[in-house]
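Each of the next two complexes has chain A plus one other chain: chain B in the first, chain C in the second.
Then we have the complex of A and B:
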């Protein structure tokens, strides 16, 4: 009897909390290789740092500055088994803070990945755009997930590697090209 | 919620600088600034404009301060008070909430007051 009560108390104390119980299923990988989850695959091609983005929309040139730097990641993406979308993209810094994909830029449907339906076995190239503080650009990790609320979803985590210890930051990039 | 700015003859504008102190990008800042004067309650909820883009603002990212404009359409029947009294609300972080045990920011409550002089242009 006492053993049963003791057992129940131990089990109740050691049950993981809600966040751990519903944690996403994470697939890790390196840039340049396909990182596959249950529902999608991502391959990081190359990251870029830019101070200002330029885009021509409706005949007008729009410039987007940031208090930090823009991080543009060139990726390839594919669905696995069924057509689907990768619902959420974020960059995690060394401190563990997450910066969601920007909403200030609308990329054309063949360039962006937000809300874009992917097909199995047909990888497509795309651009992801984030803004992060300039002092956080070392040790960034790309996190691609099925949706933003990460309960029991698939997630791919890929570190972004720069070719030099202090990567160059371009002054501006025209996204219309 | 993004409220597009309703067309009006004139507007009440309050410029603020917000810095997201959380660990995630968030658009949960509409609750922060309250107008205290009772005659201004009829103005309703403001729209938020990112000064950098002069467009409606979305999420603010951690540790990246941004200048925002709070925009209320101003009705000509209102007389402008000599000064604007604002209260600033804050939420507290609970690592384990009461519903499912996940972390979050709850219970908005006033944390500061501010009085600003009003300028008519």
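Then we have the complex of A and C:
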């Protein structure tokens, strides 16, 4: 009886919690190299920092500013083995805060990745757009997830590297071009 | 001893369903023009065309035509969703391009079940790596039929004249 109770106590203290038990399967890598999960691969090309985005839609030029900075990440993406989509993108800061892919910008289907079906062995270039506080632009990590709810799904994590210790922030970029 | 038994009793149905979802059993159609019954319909491959875009030599567009004999509109509706793929020898798959306005695709068939139509020709287009063009087969996956799915062989290329 005592053994059983002791066993239960030990197990309750050593058994991982629900979040750990259902954590995503993470693949990590560096910019410029393919980071492959079970279902997709992603490669980070270059990140950019911008204060204002311009985009022509329905014959009008729309400008979008932000309280922080826009982080634009050029990536390549491909499906692994079967066609599929990458369900979620986020930027994670040094403090562990996550910022999801913006919904304020509608990227053309040839450039965006959300909702786009990928095929094996045929990578496609794409842009990802995030809003991040300006004081947290160092040590950012791109997270690409198979689904928005990450339990027991594939996830790729790639740090964003800047070419200088104080990366330049462009005044504006026209996404239409 | 009772705990594992209780767990198995509770979970065996879910485990079986999960296993079935990942299992696959291909029904291979070897002969071109061969008709096979599957999911209540009769299937016959009619055409397999490959087009190369000189601006994109690393990929090819494969267009396939498959004739379907539909005994009744209920048979077409009962079949439900239909997903065509090109599948290579390792099991890697590529899905079809969105159908053009006049194309009859497998996915649209159950939505537009015209009672007058007894026969139709599906046209499905794929873009695949050029290196895989000679290794792929045409697969039709119907969720209600899983783990079984239909798979047509790529027709042999015509022999050069004089050989």
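Rule of thumb we're sticking to: the second predicted complex is superposed on the first by the 176 of 177 C-alpha atoms of A that agree within 3 Å, B and C clash if a C-alpha of one lies under 4 Å from a C-alpha of the other, contacts with A are read in each partner's own complex, and residues count from 1 in each chain.
Note that in this section contacts are C-beta pairs under 8 Å (C-beta built on N, C-alpha and C of every residue); 3 or more make two chains touch, one makes a residue touch a chain.
Note that the structure is predicted; figures quoted are calculated from it, not measured.
Engineer: Assess the superposed three-chain arrangement around chain A: do chain B and chain C clash, or do they fit?
Structural biologist: On the shared chain A, the partners fit.
Engineer: Of chain B and chain C, which one touches more of chain A's residues?
Structural biologist: Of chain B and chain C, more residues of chain A lie in contact with B.
Engineer: Considering only the touch criterion stated at the top, classify A:132 as touching first (chain B), second (chain C), both, or neither.
Structural biologist: Touch partner of A:132: chain B, not chain C.
Engineer: After the superposition on A, what does A:165 contact: first (chain B), second (chain C), both or neither?
Structural biologist: neither
Engineer: Scan A:18 for contacts with chain B and chain C and give back first, second, both or neither.
Structural biologist: After superposing on A, A:18 lies in contact with chain B but is clear of chain C.
Engineer: Who does A:119 touch here: chain B (first), chain C (second), both, or neither?
Structural biologist: second
Engineer: Quick one: classify A:81 as touching chain B (first), chain C (second), both or neither.
Structural biologist: The answer is second: A:81 touches chain C but not chain B.
Engineer: Can A:59 be said to touch chain B (first), chain C (second), both, or neither?
Structural biologist: Touch partners of A:59: none, neither chain B nor chain C.
Engineer: Just how close are chain B and chain C at their nearest CA atoms in the overlay, in Å?
Structural biologist: Comparing every C-alpha of chain B with every C-alpha of chain C, the smallest gap is 19 Å.
Engineer: Touching chain B and also chain C: which chain A residues?
Structural biologist: none
Engineer: Which residues, counting only chain A, touch chain C once they are in their complex?
Structural biologist: Its residues touching chain C are 81-83, 117, 119-122.
Engineer: Mind listing the chain B positions that touch chain A in their complex?
Structural biologist: 23-25, 50, 52-53, 55, 58-59, 61-66, 96, 100-103
Engineer: Chain A touches which residues of chain C in the complex?
Structural biologist: By the definition above, chain C touches chain A via 59, 85, 91-95, 127-129, 132.
Engineer: Which bits of chain A are touching chain B when the two form their complex?
Structural biologist: It is residues 17-19, 64-68, 90, 95-100, 103-104, 131-133, 136 of chain A that touch chain B.
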